[in-house]
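Just passing along the structure, written as C-alpha cells.
Chain lettering (A, B and C) follows the sequence in which the chains are written, and residue indices restart at 1 in each chain.
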Amino acid sequence: MSKINLRELKHSYLENPSRDEDWALKGMDIEWSDGGAYALLGPSGCGKTTLLNIISGLLVPSHGRVLFGDEDVTDTPPERRNIAQVFQFPVVYDTMTVYDNLAFPLRNRGVPDKEIDPRVREIAQMLDLEEMLLSKAAGLTADAKQKISLGRGLIRSDVNAILFDEPLTVIDPHLKWILRSKLKEIHRQVGSTMIYVTHDQTEAMTFADQVVVMHEGMVVQVGTPIELFEKPQHTFVGHFIGSPGMNVLPCEFDSGVPRFAGHSIETASTSRPAAGYSRLEFGVRPEFVSFCPDGIPVEIVKVNDVGRYRIVDTRAGDARIQILVPEGESVSLGRAQVQFDPAHTQIYADGWIVAEASS
Amino acid sequence: MTRRYKWLLPAFYIVFLMLPIYWLLNMSFKTTNEILGSFTLWPKNFTLENYTTIFTDPTWYNGYIDSLTYVGINTAISVTVALPAAYAFSRYRFLGDKHLFFWLLTNRMAPPAVFALPFLQLYSEVGLFDTHIAVALAHALFNIPLAVWILEGFMSGVPKELDETAYVDGYSFWRFFIKIFIPAIIAGIGVAAFFCFMFSWVELLLAKTLTSVEAKPIAAVMTRTASTSGYELGLLAAAGSLTIIPGAFVIYFVRNYIAKGFALGRV
Amino acid sequence: MTVKLTNQKAWFLVAPVVVLVAFNAVIPLMTVVNYSVQESFGNNIFFWEGVKWFEEVLHSERFAASLMRQIFFTSVILLIEIPFGVAIALSMPRKGPWVSVCLVLMALPLLIPWNVVGAMWNIFSLPDIGLLGKALNSLGIGYDYTQEPISAWFTVILMDVWHWTSLVVLLAFAGLSSIPEAYYHAAKIDGASPWAIVRYIELPKMKRVLIIAFLLRFMDSFMIYTEPFVLTGGGPGNATTFLSIDLVKVALGQFDLGPAGAISLIYFLIILLTCWLFYTLTMKDEAQ
C-alpha cells in the first residue's frame, strides 16, 4: 500500500486535441494519501470516470505521470497495479459460484488453493455472503452481485486502492444506506485507500474524509465536507454542494470596497481581485443570510416550508437571493431587509475565490 | 492464438468467401471457347457479350423484374400486416396470445418442400398460379412469423409511456400508430424488411413451383438455361453475378443495423 | 418490466396475420393430411387408407436412407459451422472501420439466391475448369463431384459452410457486442487470461444467441433443397439425396400423393420436436 500521486495529468480521447474542449481532463496535480477515503464528486461528463480509469490503468493518460508510492506506473497494465475496481453495473462471472467468483483474482495470480480458501471465507464473512457461497452468481440480486464485485477487489491483501465507479446506481434505495455503511465499516477494517466516484453529494459527504470536486475536466476543490460547505473555492462548488446552493451575486468595487445594490459588503477576506477579470461576484450561502432592520432591501416572493426550516425566495432588483429561515420565525411576503454574515461571504473573480492564499 | 495474429482468421475466412464469387465473375467475362478450351485464372479475351445478351433478351431481364416484383410485394405485405400484430403481442395480453405466437413461429420451421405441392394446388384453385402475388403470398407464410418476432422485439424496447402520452394528448389509435409509433421503431422496420427481402430473394423452390411463364423468377430462368441450352456457362455466370448485386446493395444500406438486428434486444 | 394490459380487442390487430398465415398454412397442411390417409387413382377419386402410408414410409428403406443422410449432413455442418463461426466472431475487430467491412463482406453469401449458390459452386468445383476442382486434381487428389460420392459430399458440406457460417458469425458478433465494457475491465483488473475471458465472459454471454444460431442452422440445414439440388441433383446416384430432395421427387416428380403427404408430416414433426426438445433443455438451465 502506498500513496497515489497524479502529476500534471491531462487526457484527451482525441488524437490531436487542439481546443480547450477537446480535453477530458485539463491538467491536475493531486496526491491521495495512503488509507484515505476519498470521493470524486461532479456532474456527469466532468471527467471523473476518466480520472478513475487512469488510476486503475484502463486508460493511459495523454500527458503526465501516475505514481504509486515512488513507482511510476503510468504505463503499467491494470492487472499489475494491484488496484481493485467496482463498476456502476455489477460485474460477476455468471457461470461461476460466488465462491469461485471471489477466488478468481487469486487463482489467476497462481495463489495456492489452501491459501485461497481461508481468504475467501474471511471476505465472505465481512460482506455477509457466507450463506450463498455455493450458489451460482447469475441468479442473485443486484446488491449481492455488487458485493461480489467488491469482494473480488478485497480478496487480494496487497491492493493499493479500491476504486468505486458510482457503485450504488442500480441498488434499491432502501439497500443503499446499508451498503454505504458497510463500505465505511470495511474501510475502517481494511484500511486501504478508497476512491469513490459519484454525482450525489450526500453519498460523497457520508463516505469520504476528503471530497474532490470536479467540473469540466478540472479539479475545482479538494477538501473536507465542512471546507466545501464553508469556503467553496469556486462558485461551481457553491452551487453544486448544499441545498439550496450558494447565492452568487454580482458586485462592483468602489475604491476597494465591494458593493451590491448600492450597499457596501463586508467579506471574510480583505484581499481584493487584481484588475482585468471580466466577472466579479460574491457568494454567501442561504444559511448565512438573515433579516435585519437596516440591511439591503429585498422583495420576498415565495416561502417554501421544507420541514425543519423554510427556504425564502427573494429578489433584490434582478438578483435572486435565497435565505434559510429556521422554524418559528415569522416570514411574510412583501418587503424586507437582509444582511450577509461577513465571516461567510467570499469574493469570486471569474468563478475562483479571491482569498488570502491566492493573493 | 496471440492478439497480433488474430486478424488472420477473419481475413482467411473472407478470402474463402470471395473465391467462388471471384470465379463466377471470372467466368462471366470469358467467352464460351475460353471457358471450355482452357483453364485461366482471369479472362484472356475479356468480353461483355454475356451481359449484353442478358440485357437484350426479354426472357432474361424479365426474370429480374419478376423476381424483384414479387420480393417487393412480399416485403410490403409481410411488414404491413406484421406491424399491428407485433404491436398487439408487445402491448396486450389476450386470449390465446402465447399459443398464437408459438403457432406463428412453427411455420418458420416448416420445410418449403412440404408446402410445394399443396401450394401449387391451392393457388391453381383460386386462379393465382403464375402470378407475382402467388409467390409473394407463399413467401409471406415464412416471412410474417419472422417479421412479427423481430418487430415485437423492437417494440418492447419502446416505453409504454409513449403510447399513454399520445392517447392522453387525444391521438386516435391509428393516428398515434402511424404518426408517432412507426417513426419510433423505424430501425426495427428496416431490419424486418431486410429479413423479408433476404428470404424472398434467395428462395427458389416455391417461386419456381408456383410460376411458369408470366412471373418466372430469374433464378428459375437460370435453371432452365442450364438444362436446355447445354453448357452456356458464361451466360449462367453473368446471370448469377447479376443476382448478387441487389443483395450487396441491401447489405450495404443496412450494415449498421445488421449486428443490432440479429441481437433484437433479446440477447 | 411493464405489465401488459389484458385487452381482447388486440385480436383485431392480429387478425390480418392470422388470416394470411392460416390461408397459407392450414389449408395446405389439411391437404397434406388428407393425402397422407388416402389413396388416389387420379381424377380426384380418393379412398380412405388410414395409416397405411405412414407404415409404408416408416418401413421404407428409401426414406430411412435419406433421413440418415439428412441427419449426417446436419450434424456435420453444425459441428463445423458453430465452432468456426464463434471463433471468427471472437477474432473479429470489435470496433473501427474494419467492422463494417467484415460484416458486409461476410453477409454477402446470405443474400445470394440459393440456386445461384448451387450454380456458383457447380462452376467453382468442376474438375476440369473450376478453380477448386482443378486445384484438388492437380494436387493429385482424384476429385470429381459428379461421379464420386465422397467428392460430392465434400463439396456439398463445403458449400454449406461457405453459405451459412456467416449467419453464426453475425449472431455471435451481435452477442459479443452486447457485452458491457465493464466486464472486460473487471477481467483485466482480476488478471484473467485471454482464454479465461472467452471461457467465463464471452461464451456465457453468447449462450442465448448461440441457441438461436443452433436452432436456425438446424432447421434450415434440415430443410435444405435448392443448393444441393442444383449442385449435384442429389447424386451421384442417391448419394446426396436429402429429405427435401426426396420429398419433391415423390410429390412433384412421381405424384405419389399419399406417401408424399405422409413423408411431409413425419418430416415436419421431426423438426418441430427437435427444436422444442432442444429449446426446453437448454432453457431449463436459465430458469434456475
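Heads up, the rule we're going with is that a contact is a pair of C-beta atoms (placed from the backbone, for glycine too) under 8 Å apart; a residue touches a chain by one contact, two chains touch by 3 or more.
Everything quoted here is computed from the prediction, not taken from an experiment.
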Chain pair showing more contacts of the two, B-C and A-C: B-C
Chain of greatest Cα-centre distance to chain C: A
Gap in Å, rounded to a whole number, between the CA centres of chain C and chain A: 56
Chain B-chain C separation of Cα centroids, rounded to whole Å: 16
Residues of chain C whose C-beta touches two or more other chains: none
Footprint of chain B on chain C - complex, ascending: 2, 4-11, 13-14, 16-18, 20-21, 23-25, 27-29, 31-32, 87-88, 91-93, 100, 102-116, 119-121, 123-124, 128-132, 134, 162, 165-166, 169-171, 173-175, 177-178, 194, 208-209, 219, 222-223, 225-226, 230, 243-244, 247-248, 251-252, 257, 260, 264, 267-268, 271-272, 275
List of chain B residues in touch with chain C within their complex: 1, 3, 6-10, 13-14, 16-21, 23-24, 27, 35-36, 39, 41, 77, 81-82, 84-85, 87-89, 91-95, 97, 100, 104, 106-122, 137-138, 140-141, 144-145, 148, 159-160, 198, 201-205, 209, 218-220, 222-223, 226, 233, 236-237, 240, 243-244, 246-248, 250-252, 255-256, 258-263, 266-267
Of chain A, residues touching chain C in the complex: 53, 56, 58, 77-79, 83-85, 87-89, 91, 93-96, 104-105, 108-109, 136, 139, 149, 152-153
Residues of chain C that touch chain A when the two form their complex: 180, 182-183, 185-186, 188-193, 196, 200-201, 204-205, 288
